[in-house]
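Multiple structures follow.
The same subunit A turns up in both complexes below, where it pairs with subunit B and then with subunit C.
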Partner chain A sequence: MIEKGISVIKVHDVLMVTMPADPDDSTISALQEKVLDAMERYGARGLVLDISAVDIVDSFFARTLAETTRMVALLGGCTVIAGMRPSVAITTTQLGLSLGGAMTALDVDRALDLVGDTA
Partner chain B sequence: MEAEGQVPIRSESDIVEVRRKAREEAGRAGFGITDVTRIVTAASELARNVFLYAGSGVMKWRRLGSDGGDTGLELVFIDEGPGISDTEQAMQPGYSTSGGLGLGLPGARRLLDELEIESVPGGGTRVTGRKWLTRMAARRT
Partner chain C sequence: MSADLERKAAGQKESSIGAGPLAAEDQVRLLLDNLPQKVFAKNKDSVYVLCNKNYAEGFGLEPSQIIGKNDFDLYPRDLAEKHRADDVKVMAGTAPVTIVERYTENGERRASQIMKTPLKDAEGVVTGLLGIRWDVTDQVNAEDARLAAEDLLRKQAEEILAISTPVVQVWDGVVAMPLIGTLDSRRTQQVMEQLLQRIVDSRSSVALVDITGVPGVDTQTARHLIETVAAVRLLGAQVVLTGIRPTIAQTLVHLGVDLSGVTTRSSLAAGLRVALDLLNLQVVPKDRSR
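What follows is the complex of A and B.
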């Protein structure tokens, strides 16, 4: 199995992560560590997670997103989840999932605006 | 085009394969994007349960119905793991023996139209989920 790496990039003082369409569990778990590492290294003040390519969010994915959001908050940052598809919004709500206090935005542009506003 | 098949669940990456197959078959069965997402999400929860609690198992899928009647998709998750001692409790949101969120089974039931659990402690578990595509819904899409 080839692990699809996820890159964490820094734009000014915000971290940007684009999730692949169908990440496996280990890719999702690895993301958490990468993000926290990058938060410290770059002194970032926020994280924008672009999930516009993501087909489904199940309970494992949602729990990891919620945990990551709380950990980023402990490092003084805010998390914005951007671009959730309508079908994913319907399904995660029906499943009873919550994203642990992450802010949400329709797309990455609006997500970056949100991080700017909370500075 | 096959009307049934199966996907083995032996590793974490097989959960991705289960999702891929569930998406393909739900699409072929004629479900719209929201129902496809519901089916794939439920399949992901149930496949993870198999891997987490039993270590390995299989997802069998089958197209339901025939010409003129309601059609749908059936997904059966079979393992030979420790089984579930109290299936009613396992269906309660928030109940988990693995430290998870406890949303897998109750969530899958909400996302599908039917969910049946057969389990014998020590004798494995069989979870059968079905989603129906009515002829009305088929005409809409």
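What follows is the complex of A and C.
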């Protein structure tokens, strides 16, 4: 199911969501909806959010990510953000943006390992 | 004054110096022709009404041959157009305008400074302009040399910055960055970029940032280090801050810097031990019995 460029795939009991490059505000808002929707439908216990295609993260995106992480946590799941680009990491740090407690991983592979570890 | 000079320029015979009512004008003429600067005056239509010997000599002419001509008669077209445009601007304003003009003469690069100022009559109406031009080649060359030296210094500073932040891979999944020198904001930016890129390229999970070579750690430096640690974490890797000397430890505690979220060790070796541990690796002696 691909709408507005966000792909959501279920891998065993983990949700794999891939963000497209340069997501606009409506795409970012759609992310939250889709994640919660899928979490409910599949009873997933973890969310892996692949942002390796994203080269700019602004405060709106960061806030949405943080909120989504907290919502997933309330639903009993954990979130791992994978593939953050160096430039994005630097900007996020310098802007003092928080990711709401999400874990981070170099790539989707390791992200899945992490979710597996928290089983 | 320009009206008098116009009459004079129309061909009145020059009287000898010191005698008669034209004496004052002769003195002015003497002054003008002895000036090392080039002096000229134009009317409202940018036609020359006066110039001194020096200016005329530049064209291989006598002053009387310049009177009545305009820039298009004396200069190449593009230069004449520029001068005309400058004249219009000067006569439209109230203050003198100074322009530095670079040109090439006999293969040599030279520069002149030209000051043009509007000429007004008794009622304050602009009747033309006065121009004074003198050679500033030496000054311009000195300024160019100074700018070149500044540029070189800046480039060298950048190079030093680049050489002093190497990132080396010490194990599969472990990179080390020995920092040498002070850590200011600009350096931190560079450090972060380099370290993060290297972590991604080498797919490392642990970065050892060694500050043995950082002379002093103040709250600012500590903040930069904490920033770097946070950025690395966002990539999914971890930082072990090593090379914390006793004096640094003292300073940090006295300053009330909170490094509780960071793993720290006093030496790079100790940091490597932590890294291997994080990767669930163990170093064991070789089996001698084989």
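Please note the rule applied: the second predicted complex is superposed on the first by the 115 of 119 C-alpha atoms of A that agree within 3 Å, B and C clash if a C-alpha of one lies under 4 Å from a C-alpha of the other, contacts with A are read in each partner's own complex, and residues count from 1 in each chain.
Here, a contact is a pair of C-beta atoms (placed from the backbone, for glycine too) under 8 Å apart; a residue touches a chain by one contact, two chains touch by 3 or more.
All values reported here derive from a predicted model rather than from experimental measurement.
Chemist: Which of the two partners, first being subunit B and second being subunit C, lies in contact with A:Phe60: first, second, both, or neither?
Modeler: The first partner, subunit B, only.
Chemist: Could you say whether A:Gln94 touches subunit B, subunit C, both of them, or neither, answering first, second, both or neither?
Modeler: It touches subunit B and subunit C both.
Chemist: Using the superposition on chain A described above, determine whether A:Asp24 touches subunit B (first), subunit C (second), both, or neither.
Modeler: It touches subunit B, and subunit C stays clear.
Chemist: Who does A:Ala82 touch here: subunit B (first), subunit C (second), both, or neither?
Modeler: second
Chemist: Enumerate the residues of subunit A that count as touching subunit B in its complex and touching subunit C in the other.
Modeler: 85-88, 90, 92, 94.
Chemist: Which part of subunit B faces subunit A closely enough to touch in the complex?
Modeler: Contacts found on subunit B: 11-13, 15-16, 19-20, 23, 33-34, 36-38, 40-41, 44-45, 48, 93, 100-101, 103-104, 106-107, 110-111.
Chemist: For subunit A, which residues count as touching subunit C in their complex?
Modeler: Those in contact with subunit C are residues 81-82, 84-90, 92-94, 99, 103-107, 110-111.
Chemist: Touching residues of subunit C toward subunit A in the complex: what are they?
Modeler: Going by the criterion above, the answer is residues 189, 192-193, 196-197, 199-200, 203, 205, 227, 230-237.
Chemist: Show me the residue ranges of subunit A that touch subunit B in the complex, using the header's touch definition.
Modeler: Touch list, subunit A to subunit B: 1, 22, 24-26, 55-60, 62-63, 85-88, 90-92, 94-97.
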